[in-house]
Amino acid sequence: MILNLRPHITEEERDQVLAQVSHVTGHPSLLPVEIEGRQVLALDASHFDWEARSMLAGLPGVESIIPIPTPYKLVSRHFKAERSAIVVGNGAYCNPVTIGGTELPTIIAGPCAVESRGQILLTASAVKSAGAHILRGGAYKPRTSPYQFQGLGIEGLWLLAEAREATGLPTVTEVMEPELVETVAQYADLLQIGARNMQNYPLLRACGQQRQKRPVLLKRGLSATITELLLAAEYIVASGNPNVILCERGIRSYDTATRNVLDLTAIPLLNELTHLPVIVDPSHATGKSSLVPTMARASIVAGSNGIIVEVHCDPDQALCDAQQAITPYQLRYIAQDAINLARFSPHTRESERLKTDPEPVQAHLLSKR
Amino acid sequence: MILNLRPHITEEERDQVLAQVSHVTGHPSLLPVEIEGRQVLALDASHFDWEARSMLAGLPGVESIIPIPTPYKLVSRHFKAERSAIVVGNGAYCNPVTIGGTELPTIIAGPCAVESRGQILLTASAVKSAGAHILRGGAYKPRTSPYQFQGLGIEGLWLLAEAREATGLPTVTEVMEPELVETVAQYADLLQIGARNMQNYPLLRACGQQRQKRPVLLKRGLSATITELLLAAEYIVASGNPNVILCERGIRSYDTATRNVLDLTAIPLLNELTHLPVIVDPSHATGKSSLVPTMARASIVAGSNGIIVEVHCDPDQALCDAQQAITPYQLRYIAQDAINLARFSPHTRESERLKTDPEPVQAHLLSKR
Amino acid sequence: MILNLRPHITEEERDQVLAQVSHVTGHPSLLPVEIEGRQVLALDASHFDWEARSMLAGLPGVESIIPIPTPYKLVSRHFKAERSAIVVGNGAYCNPVTIGGTELPTIIAGPCAVESRGQILLTASAVKSAGAHILRGGAYKPRTSPYQFQGLGIEGLWLLAEAREATGLPTVTEVMEPELVETVAQYADLLQIGARNMQNYPLLRACGQQRQKRPVLLKRGLSATITELLLAAEYIVASGNPNVILCERGIRSYDTATRNVLDLTAIPLLNELTHLPVIVDPSHATGKSSLVPTMARASIVAGSNGIIVEVHCDPDQALCDAQQAITPYQLRYIAQDAINLARFSPHTRESERLKTDPEPVQAHLLSKR
Amino acid sequence: MILNLRPHITEEERDQVLAQVSHVTGHPSLLPVEIEGRQVLALDASHFDWEARSMLAGLPGVESIIPIPTPYKLVSRHFKAERSAIVVGNGAYCNPVTIGGTELPTIIAGPCAVESRGQILLTASAVKSAGAHILRGGAYKPRTSPYQFQGLGIEGLWLLAEAREATGLPTVTEVMEPELVETVAQYADLLQIGARNMQNYPLLRACGQQRQKRPVLLKRGLSATITELLLAAEYIVASGNPNVILCERGIRSYDTATRNVLDLTAIPLLNELTHLPVIVDPSHATGKSSLVPTMARASIVAGSNGIIVEVHCDPDQALCDAQQAITPYQLRYIAQDAINLARFSPHTRESERLKTDPEPVQAHLLSKR
């Protein structure tokens, strides 16, 4: 259930709403969040009786009540039917890019990790030329072993910011702990929460409550269900930051022929369930550079709002995930095709269909009997 | 290892080859098969020493030896680099259709099960009008429960043959046991081996040895690896029938949001590993009709040689798998898009690229340094 | 729903029942089966209205109706609460062994495959001395690759029968195709349906309808759910053979550290859901001989009615699955421990508990408040 | 590779070692840790050439070099063959408990979440009477939905500490973020890292570097491999805290019949690979209270050093995970059986076997030939 609070609600009315919500849910810390100018408060009403519902509806501070049948509330299309468009980057250091809504697919590209000044500047320039809109690059790297390269840390953030200034591309980089959220938000335009941290709730909350309200790129966990992914996004939104972009990056399976199994069906499914933009990471999903361009193209047709790919000017020399990086040369063709393929995606397909085919096919077929 | 036998090998030489192969492999029943006019004999040479190899190479009946590093031999691209094109149907009852090679995507459509004369004739006509090339329809249905509808059996085969004659569409239907292979081959043009039977070795062998050499549509098992799928195909080919079409139909995962997880990356991966055509079944993969058209389109871009979809003129009344059937109306758009999307698939993409982009992108980017 | 037919039902009444059942289910081929002297007919009544139910209940041939809430009927504990005890082997060639009911755990042991007369006779004698009750050995082997050893076939059956005669141990061996069911039933006392064939419905039916009514050992499929396993058993029972033993043998997972993941919790769960005996195959589940003894012991405590293990007198020389075979020496300790561990299993634990602990623990604790 | 540093290494020598290690690994932050009085430094030497190895071995500060073939080093049995015994709790507030080594199984029990003063005090007393050695109880709860009960937080820690003082039981509770590690370590004796945080590297490091060196209970991730679990433990140990206890709590699978699949084979496997103690959580693994006692018993036989179970005096009223909590009454029988079953575990089985069976079984059998 979502409570739409009254536009000019008094502090007293607000406190009354919070007290009653805390009373009926037994959950003391729920707070209203502002989404597109509205103050709303989401809660789980699945165990409410009629009395609780009508009591809440009757509070002076509550304008209306939106029943939401799913466990996730604010990210659901029941709450908001039109697709969200999220702006990444601001005019000061880079050219803002919009992901989602009715935009053409966004290309996010760059190295797995920021390795050196030369590497990130060269790659930034190369991916820009190839058609990328946003630069990716890891400064803090989550690695399975403590003995693997862990990223350049704060120095990596500085270099990434320098590459942004040089190219005008907004940047995305991973943040791994709550304490570093504000720091990373200072240097990057889009905060990535990695697959291993999808259910790191303190981190999700910290990204929701950050001062600068940088949008968040939330990657699906290695074996997260669609519902769990949406509930993780709900944590961020319910903490105050409505700008979340989801990312399918492959799930774990029994077959080791590819690094993960790209669950591409998740794209149209998520587009049915949520208004948030969804992108695909074909690099981590496949783990094999020869498969990346093909799956990047297929992602666009599946309705992805963009792709995030690992690009390295000299993949054989990459410090991490070398075997899945493509070259700027390959990226160029993907970027070109993305534009052409976008018109086959379900986003544009539906309306086009109605325009070009007024004649009812089914009736026509039945007459053949 | 594959032994290329001499074109005009004598019976004595052949017996000598078989005796020696049986001796070094300890596998008494390996036989040569004829593929594109050549007599070849595949075997597992992974444990051979140098002596065994040179002994086989030196036999009078052996023209040459092809080393194959993978456990599957005859289906590997190491054996045959160019993509196989397989003809379904012959001129007597229907219009032959070629799947694979350089052909445009093939659309296979029809009901989950043949339910009645009216239903199959109407659907056949409807899918033909919508652009389908082959008619599908189950006569023998593998059902999880013995209390579910099990198909019309032989009567279903008769009705399917009648629909073929009425429309000219070749047909595909499932065969579930070795004893019925010849019967089904009499009435249908393409024999389907279902996911549950992918490792039913007597059935695979029976489909390989059948008299009429109908091509076989082999569906990937519910949790089969890519290697296991190719080895299952190898059983059919090594038994004498080189005409196998592979089908990705979703694999089992922990998430119940969709019926299965469509492993679309398997398409470009299989295209790297095997010369056999590969198609996609988005109906069983997703289990949800609203997702089928999108995933059908994405499949073509991923390099699928075709799709097999469940179509029902009145999905709500279908006797099985109602929730995943699309209408002929929807099929029509998929079929149209399939043609347009084929040029984005990796099959055509590579050559096109070379033609349209002679200028080396990478060099250009590097000069920016 | 299960219909209990009247003890001395006339043929006319029987036909009437069948006609009505066929009418309301739309399933023409359901037949009554005899279970413990009763004629019963199971069907899926989930879509029945009140009228259909009362019509069936009112038929002269129907004595009573048992509602069964699960999709499986005859194998459910709703149909039969006490645990089934199934006899393997008859007095002519071997010593009969009872699996299930209140029996101590049954030890089934032997080689993966019958390889030679010497090997099977030696192993049979060794496993008998070590405490085994039933001899296992594959004559027809389902192998992933057509180039692997496929078993000795009919010769393997002969050798197995000879080992039975020599030791008095009943035997179990795999049957892979419907056509061979009667042949295998002639030489072996327990017919094994392998994991790959769990949903091979013609094979399940053939094992249900065989003349000799040999009991069937049904292995869980590589990624079969518990419900699917029970429905596969239902196929056999509904075809006329109530003597089915289930076998957990590991399921497929993302981790390759062991061959499969032994789902040991399936044992107590199946014991809640079905009256059929359940055994465990720790050899295929773990794939590693060092883990087999430990998991065999754990299986007994989990409530398994027995274990089936691969034993080889010289594991390093085994023609298949060498790395998972244990020696007769190791088997001996497992067999001894199995007897001691049986009293910790849930089968015996419940009653013992009541005897030894009349004093209510919970009340005692509460008084401490 | 592990470098054993010289006992009285000078600061200069130490700096030289660090400089050289940093040079050859390219990993600037590796530091020696003290384990059982030795200063050791682990690193990944898989890409080292002979020169690098001998250079490190020749450094004045390096006493010896231990090659470790696995990606995890300090937790490997290659580094330490004898099983680690880890003490939980100190004498000031509670009775210390040793987990691992040659100890009998440890019983950890208590509610999912601390809900109120009355509930935790009653439960603590009840589980103590029933035979538990350590009290569990969640103060900070990771919940899939932001709208679920999130735990009492710091107040929960206070109540847990009070229950410890009342009963003398050491306590374990979950810590979810690096910033709270010191706080939780102040109130609890064993820090739990939950399944969702198994790869939360900043949290692992914080638990390794904490001032009080509380032992850590590391739960296996929902779909973590055995290698990933051991590498996560390595993060903690390499950060300075050698006291890590591993916990198998079920992995995610395709079957929803149980909450997770308890991978019990992981216990003997981990016992082969690591010297760290391993325990089992049958509550989260099965998710169903009727299955918990059986799987708890099976765990002990599999070689588990203990179990952690959810106990609630009135399960139906539990605020979270109600359906998987057992009662103190049930716990009592599990605790009794654990002692009796311990002698069947692989830890004690091996030596016992040698004592009771000097006669070589295999030879005896072979003589039958």
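Chains: A, B, C and D, in written order; residue numbering restarts at 1 for each.
We adopt the following convention: a residue touches a chain if its C-beta (ideal position, glycine included) is under 8 Å from a C-beta of that chain, and two chains touch if they have at least 3 such contacts.
Here the structure is a predicted model, which is why all the values come from computation and not from measurement.
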Can you list every chain in contact with both subunit B and subunit C? A, D
Interface with more contacting C-beta pairs, comparing C-D to A-D: C-D
Farthest chain relative to subunit A (centres taken as mean CA coordinates): C
Chain centre separation in whole Å, for subunit C relative to subunit A (CA means): 48
Averaging only over C-alpha atoms, locate the centres of subunit A and subunit D and give their separation in whole Å. 34
Please output the residue numbers of subunit D that touch at least 2 other chains, ranges allowed. 223, 252-254, 256
Which bits of subunit A are touching subunit D when the two form their complex? 25-27, 29-30, 42-44, 71-73, 142-150, 176-179, 196-197, 199-203, 221-223, 228, 231, 234-235, 238-239, 252
Taking the touch rule as given, give the residues of subunit C at its contact with subunit A in the complex, in rising order. 223, 252-254, 256
For a test of understanding, state which residues of subunit A touch subunit B in their complex under the given definition. 122, 125-126, 129-130, 223, 225-227, 251, 253-258, 261-269, 272, 285-286, 288, 290-291, 293-295, 297-299, 301-303, 313, 327-329, 332-333, 337, 340-341, 344-346, 349, 353, 357, 360-362, 364-366, 368-369
